[in-house]
Amino acid sequence: MNTLGKNICVTIFGESHGPAIGCTIEGLPAGFKVDQEALSAFLARRAPGHHGLLATQRKEADRPEFLSGLLDGVLTGATVCAIIRNGDQHSKDYGNLKDCPRPGHSDYPASVKFHGCNDIRGGGIFSGRLTAPLCIAGGIVRQILEQEGIVIGAHLLQVGTVKEAPFDPVNVSAATLKGLDEQPFPVLSSASQAAMSQEVEQARMACDSVGGVVEAAVVGMPPGIGDPMFLGLENRLAQALFGIPAVKGVSFGDGFHASARRGSENNDPYTVDEEGRIRTVTNHCGGILGGISTGMPILFQAAFKPTSSIAKPQQSVSLSRREVQELRVVGRHDPCIAIRAVPVVIAAAALALYDALREPRP
Amino acid sequence: MNTLGKNICVTIFGESHGPAIGCTIEGLPAGFKVDQEALSAFLARRAPGHHGLLATQRKEADRPEFLSGLLDGVLTGATVCAIIRNGDQHSKDYGNLKDCPRPGHSDYPASVKFHGCNDIRGGGIFSGRLTAPLCIAGGIVRQILEQEGIVIGAHLLQVGTVKEAPFDPVNVSAATLKGLDEQPFPVLSSASQAAMSQEVEQARMACDSVGGVVEAAVVGMPPGIGDPMFLGLENRLAQALFGIPAVKGVSFGDGFHASARRGSENNDPYTVDEEGRIRTVTNHCGGILGGISTGMPILFQAAFKPTSSIAKPQQSVSLSRREVQELRVVGRHDPCIAIRAVPVVIAAAALALYDALREPRP
Amino acid sequence: MNTLGKNICVTIFGESHGPAIGCTIEGLPAGFKVDQEALSAFLARRAPGHHGLLATQRKEADRPEFLSGLLDGVLTGATVCAIIRNGDQHSKDYGNLKDCPRPGHSDYPASVKFHGCNDIRGGGIFSGRLTAPLCIAGGIVRQILEQEGIVIGAHLLQVGTVKEAPFDPVNVSAATLKGLDEQPFPVLSSASQAAMSQEVEQARMACDSVGGVVEAAVVGMPPGIGDPMFLGLENRLAQALFGIPAVKGVSFGDGFHASARRGSENNDPYTVDEEGRIRTVTNHCGGILGGISTGMPILFQAAFKPTSSIAKPQQSVSLSRREVQELRVVGRHDPCIAIRAVPVVIAAAALALYDALREPRP
Amino acid sequence: MNTLGKNICVTIFGESHGPAIGCTIEGLPAGFKVDQEALSAFLARRAPGHHGLLATQRKEADRPEFLSGLLDGVLTGATVCAIIRNGDQHSKDYGNLKDCPRPGHSDYPASVKFHGCNDIRGGGIFSGRLTAPLCIAGGIVRQILEQEGIVIGAHLLQVGTVKEAPFDPVNVSAATLKGLDEQPFPVLSSASQAAMSQEVEQARMACDSVGGVVEAAVVGMPPGIGDPMFLGLENRLAQALFGIPAVKGVSFGDGFHASARRGSENNDPYTVDEEGRIRTVTNHCGGILGGISTGMPILFQAAFKPTSSIAKPQQSVSLSRREVQELRVVGRHDPCIAIRAVPVVIAAAALALYDALREPRP
C-alpha cells in the first residue's frame, strides 16, 4: 500500500506516464491556511530542471491542483486530494523494458509481483516522480510544524566520495536549516558545493551516476514524543524514509559509527541549561532515546544509492528468451538523485514526525 | 503501540519487573505444529546467562507459557498469547532513577511522555527483556518460514572496532545460516570470535561497554514479495528492526557504502542460471529493488550502540532539584548487547518478512 | 477517516461543491479487465435524474476519470484513483446554512467538529454525492466478485409504511439478484412498485420525504469466510453500511425479529444436499454464524431515515444569535433517498465482503 | 483479528477451555487510578452464577490478574495485559461437536475456516466467555469516561415478546443510567422485570431459550465527536457491538422505525436552552448526525438472538458421514443471553466511544 501514517494518513497514487499523480491526505487541521507560494517553492526544489546539468532535463511545472479539502486556501478538515497532471512524457523510450529489465530498477521484481500488468513506462509507480505528491503532503505538514516551532532542514552530507561536516548535533539552529532552503545545492560550506558538483559532473560525463547521503535535522521538537517499540520516532522516520526510491540505509545520531564506540563515549551526559531545562551535553543519540524525543535536535541520515538509470551499456536479460542481452537505457536522468531528494527527505520526515505528534497522549 | 504487522500482528506487553512479559500473535496458520524444543533453543540464544561473562549475569529460564492459540502443540488459528513470568528481580537497584535519569537510556524522555507514571524498574517497557516475547513470536514464525524454504540467519559483522567479512551476497547458503544457530558467539570465522571476545572483555574490565553490527541474510525468498513505497521490504524490516532497543542504523545490501559508488558499479547485472531462473551477477542491492524481493539473498545490517548501562560513574541531573549530579548505575548488564541481539534481529526480520509474504497478492 | 478496508483499502474524498469528488482504491488485482460499460450502468442507478420525480432533479453524468491504476482498461495493480468533476452546482442555495443548521443534517455537529471551517455547500463531505465514488470502487469490486461466482443484489424491502416480502433466504438466486439491476425501482413484485411509488409521490407533494429499508442478498459466498469477533462479516458489513448517509440501522438474517423468538425456532437445522454439501434447512441467521459465512445466502437489511432535506419550513436556530429561527431548505432533493441508495448498499457490501475474502487464510 | 480500535486498541485472546482468557489494551492514560472494586462489580454483572436460574450455572470468579500496565493500581501508560484463568470446565461435554455441529453456533463455519484445527471445546474463541476480557477493557474505559462526565448505561428493552418503554431520548439522566448498574435484571420498571423473568423461565422449562434487545444510552457526550463516513460514531459502535456473540442487529435512535416515517416527523428541530446551548427538541437521530455527536444523549439498540445452545434435541449432520443426525446439546447454558449481555454492550460502547474521543482533533 502506498499509505503512510495513522493520525495523518497519506496515500500516494499515480504512475509516471499515466494521466496524473497525486495524493490524498487525511488528518490535516481544519482552519490552517496553506502558504501556496511557500509550497510551490518547496516543490520546485524537487522538480527537475532546477539544478542545471546536475539533474534530469525533464521539465515539468509540478503545480498541484487541489480537488478537495481546501477552500479559499484554508484547510476544511476534509480529506485533501491534490493532483499533478503528467505532461512531458516520452513513453516510447520505455518500449523494450517489459522484456529487458533495467539493472538496479524495480522492473524485474515488479513484473513478477504484478504478473507483467504493471505500467512500466517511466518506471510506473516506482518512478522518482511519485515523490512529487509526497512533497505536496510533506510540504503542507512542514508548514504546520513550523507554526508550532518545529523546523526541519537537510543538507548533502556526502556526494559520491566527497563528504562535508555534519550538522552541529547540539547547536544546529532553525536559521541554518531554513537557510538551506534557499540553495539549489544544499550544503553547509561553499567548498563542499564545488567539490560535490565536480563529482556529479564527472559521473555525468562518464555516462554514469553517483550516490549520496542526505543528513537532516529537526529543531524545536518537544521532549516526550514518540511511542515505544514499533512506533518509536526511529521506526516511524525509517518507514517513511525507506519509502523514497533509492534509499538503502537510514541511521540516527551517530548511527553506524556508534557501533565502534564505548558506552562511556556514546552516552550523552545530562545537564541543566540556564532556563532550568534538561539538555544533554553531547547528542550522539540524535535526539531520540527509547524511540522518544529528548528535546535535543533530532538528527538522521539517509543513504541514496547512485541513480540506477545510466547511459552506459549494461548487462541485462531477455525475460522471454531467457538469455543475456545488452541494454542501453535512453531518456533523461539525474546523475545524482540525492540532490533533488533533499526536500523529499524533509517531506517524509515532516509526515512521520507530525504523525507522532498527533498521537493521543498517554 | 507495541504492535507490529498487518497480516500477522504481534503485540508485545510487559514491564521488566512487573508480573510477566509476553505477546499476542494474530494471523498464525491453523494446523502448524510448533517445534517447542527448537523454540526453546532459539530463546536460549537471547536469554541471559548463556554467554559467560560477555553477557549479563541475570539468570532467567524464559520458558514461555502458552495461554491460548495452541492445543496439543498445534496452532488453532486463534490469537496466540504466550507469557514469561518475571522472577529474578532486584527492584531496589532502580530506586533513584525516577529522579536521576541514566544517560543513554529512555528514563528522561519516558518520564516526560508518561508524566512520571511509567514503571522505571529495570527500564520498564524499554528493557531489553521485552525482546524475549519478540523472540517467541519471531521464533515461531521462523519455523513456518523454514517449512516454506525460507531461512534467516545472522552473524556479528562488527563488535566495537573489530569487523569480520560480510556474508557472500550471492552465494550465502541456508547451511551457513543454520550453522550460526549453534554458536553462542555467532561469527563466520574463529579469528573474529577471538578478537571480538577480547574487545568485549576489555570493555567489561574497564567498567564500560561496546557497540556492534549484526548482519542478517535470508535465502529462499521468492521474487515479487514486498509492496511499493511505504510497505516495501525495506520499510517493513526497518520498522521491525528499529523496534529492538539500541538499534541506531539499518541498511540493506551495500547500504551506506553504495552512496560513495557509481551506478555502473552498484547496479547488479542480470543473468540467467542453468535452470532458466533470473539472477543477478552481483547483489549490491541486498536482494531488494523497489521494495520488492529479486529472488536473490536478502541482506541487511543493524547497528547497535554500546550498552547504555555501564558501571563507570556518569554525569546526570536531579530532575527535582534541576542540578547536575553524578550517577553510578548498579546492576548486571551486558558489556555488548549486540551479541544477544543476534536472535532478536532474526525474530524481527522473520515477522516483517512473513507479514509481507501473507499480503494478499495483487 | 474516509477509509474502508484492510486488504482492499478505499479512501473517499471530495466535497459536494468542490472541484471534484473521487476515491483511491488499493489492493485491486493486477490484470483484471474492468467492464466500463457495466460500471457506467451501475453508477447510473445511483445517479440523480434517472428516477423521474421520485428523485432529485440535479443532473450529473457521474463519469469517472481514472487517473491511475488502469492501463488500456486493465488494472495494473497500482493504487487506482478515479475522480468525477463537480459540475451543476447551485452553491448560493447554501449561503445561510453556516449560521442556521438544517435539522436532520450534519450541519451543526460538523461545524462544532471542524470549528466552522468545513465546506458546508451542498453538505460538503456529508453529501450523498460522496456515495458516487463509493459506487465506483464497489462497482469494480462487484465485477471481480461476480467473476468468482459471488453475486450481490438488493431490493426495496420497505418504503415509508409500504413493505414487500423479503428475499427467500434459502433459495434466492443469482438470476433474481441480477434481474433487480435492470429496474430503476428495484422491487420483487410490481404491486410493491406501484404502492411504494405512490408513498413517495405523496410525500413529495406534501413537501416532505419518507424513509425506507434496503434488503440485500449475496449468493455464492463460500463457507469459512470472515474473522472472529471484531472482523466478522457482520462487523465488516456494518462498518461499511453505516458509512452510507442516512443509514440508522443494520441487521442480518432475521435481525431484530430474532429477538422475539425461541432458540428452537431460530436455530437453523443442518442438512446435506444431493451433492454432499452442508446446508441449513432454514436461514434465520442470514448466512453468518460467529461472524463467518455458512455457505448459505448472506442476507442483511439497512434502514434509511427519511431524507433530511424537505421543502416544509422547519424550526432551527441562529448559531450566532443563539435564538430559534425558522428555516426553509431550498434546492433539489430526493423525497426517498432509499431508492437511489440500493446500488450504494451493494457497493458498500461488495467492498466489505471482498476485504474479508482477501484476508490471509489462517 | 480480535482487535478493536485505533487510538485505544484492545486485543482479546483465549479459548473457553484453554489455560486462560484475557486482553491487551493499548492507549490507556498514564496516571489513571483504576477502581478495582468498581471493576469487579462491573465484571460480576456479566459473570455466570449471579442471575439465579435465569442464567448459566457455570460458576467462575472472573477475577482479572494484571500482568502489565498497572503499578500500585495506577495505569503506567504501558500496554495493559489482564488475564482470567479458566477453571471450572467440563471439556468432555464437547467431545462429539467436531463431527456434529450445533445449529446456531459457529461450529461448522469455524471448522471450515480453521481446517478443523480450532479448539471447539466450550465454543473455543466463539464462547460468550470471551466477553469477560472485553468487560475488563470496557470496564476500565467506562471509569475513565465517567471521570470526564460521560456516563453509559443500558437496560433490557425486550426479552422474547415482552417489551418495556425505551429511554427518554431527550431527558435520560446519568442517575437513571447508573441506577441500572445495581440491578441484576436491569429494566426501567418492576413490571417489566416480572414479565420478562416469566418469559425466560418459560423458555428454560421448555428446554429452550429466548432472544432480547438491549438498549443503551450515553449522556454527557460533547458535540462534535465522531469522524465522517467510515469512522462515524455509528460505524465505530456497530463494529464493536457486532463483536458480541449473538448480536444480529444494531440501530441508532429510532432505527428501523425511522424508515416508516416522514422527514418532517423524523427531523429533530433545534432549540437553545437557558444556558445558550444548542439542543434538539426531539432526539429521533439518537444523538448522532453525519456520524458525529450532537451533544444530545446517544441512544442505540442491539438485538440478541436466542441462545443457540438449547437442551431440546435438534437436527444436525455428521460432517464425516455426510448424513443427517440428531443432536442433544448438554452443558449449562443461559436461557436468555441478553440479560448477562447488558454490561457487555456497555463495555463495547465505552471502547468505541473512547476511541472516537481520543481521535486527534481536526
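The chains carry the letters A, B, C and D, assigned in the order they are written, with residues numbered from 1 in each.
To be clear about the criterion, a contact is a pair of C-beta atoms (placed from the backbone, for glycine too) under 8 Å apart; a residue touches a chain by one contact, two chains touch by 3 or more.
Just so it is clear, the model here is predicted, and its values are computed rather than measured.
*Asks:* Among the other chains, which touch chain A and chain C together?
*Replies:* Chains that touch both chain A and chain C, as defined above, are B, D.
*Asks:* Of the pairs A-D and C-D, which shows more C-beta pairs in contact?
*Replies:* C-D
*Asks:* Farthest chain from chain B, going by mean C-alpha coordinates, please.
*Replies:* Chain C.
*Asks:* Determine the centre-to-centre distance between chain C and chain D, using the mean Cα coordinates as centres, and give it in whole Å.
*Replies:* Chain centroid spacing, chain C to chain D, equals 26 Å.
*Asks:* Just the number, please: Cα centre separation of chain B and chain D in whole Å.
*Replies:* 40
*Asks:* Taking each chain's centre as the mean position of its Cα atoms, how many Å separate chain A from chain D?
*Replies:* About 46 Å separates the centre of chain A from that of chain D.
*Asks:* Which chain A residues reach two or more other chains?
*Replies:* Touching at least two other chains: 1-3, 12, 27, 30, 77-78, 113-114, 125, 228, 362.
*Asks:* Can you list the residues on chain C that touch chain B in the complex?
*Replies:* 6-7, 27-30, 77-78, 228, 358-362
*Asks:* Of all residues in chain D, which touch chain B in the complex?
*Replies:* Residues of chain D touching chain B: 1-3, 9, 11-15, 18-22, 24, 26-27, 30-31, 65-69, 71, 74-81, 83, 113-115, 117-119, 124-125.
*Asks:* In the complex of these two chains, what residues of chain D are touching chain C?
*Replies:* 1-4, 12, 101, 103-106, 108-110, 112-114, 125-126, 130, 158, 160-161, 203, 206, 208-213, 223-232, 234-235, 238-240, 242-243, 245, 247-256, 258-272, 276, 278, 280-281, 284-286, 289-295, 301, 303-310, 312, 314-317, 319, 322-324, 338, 362
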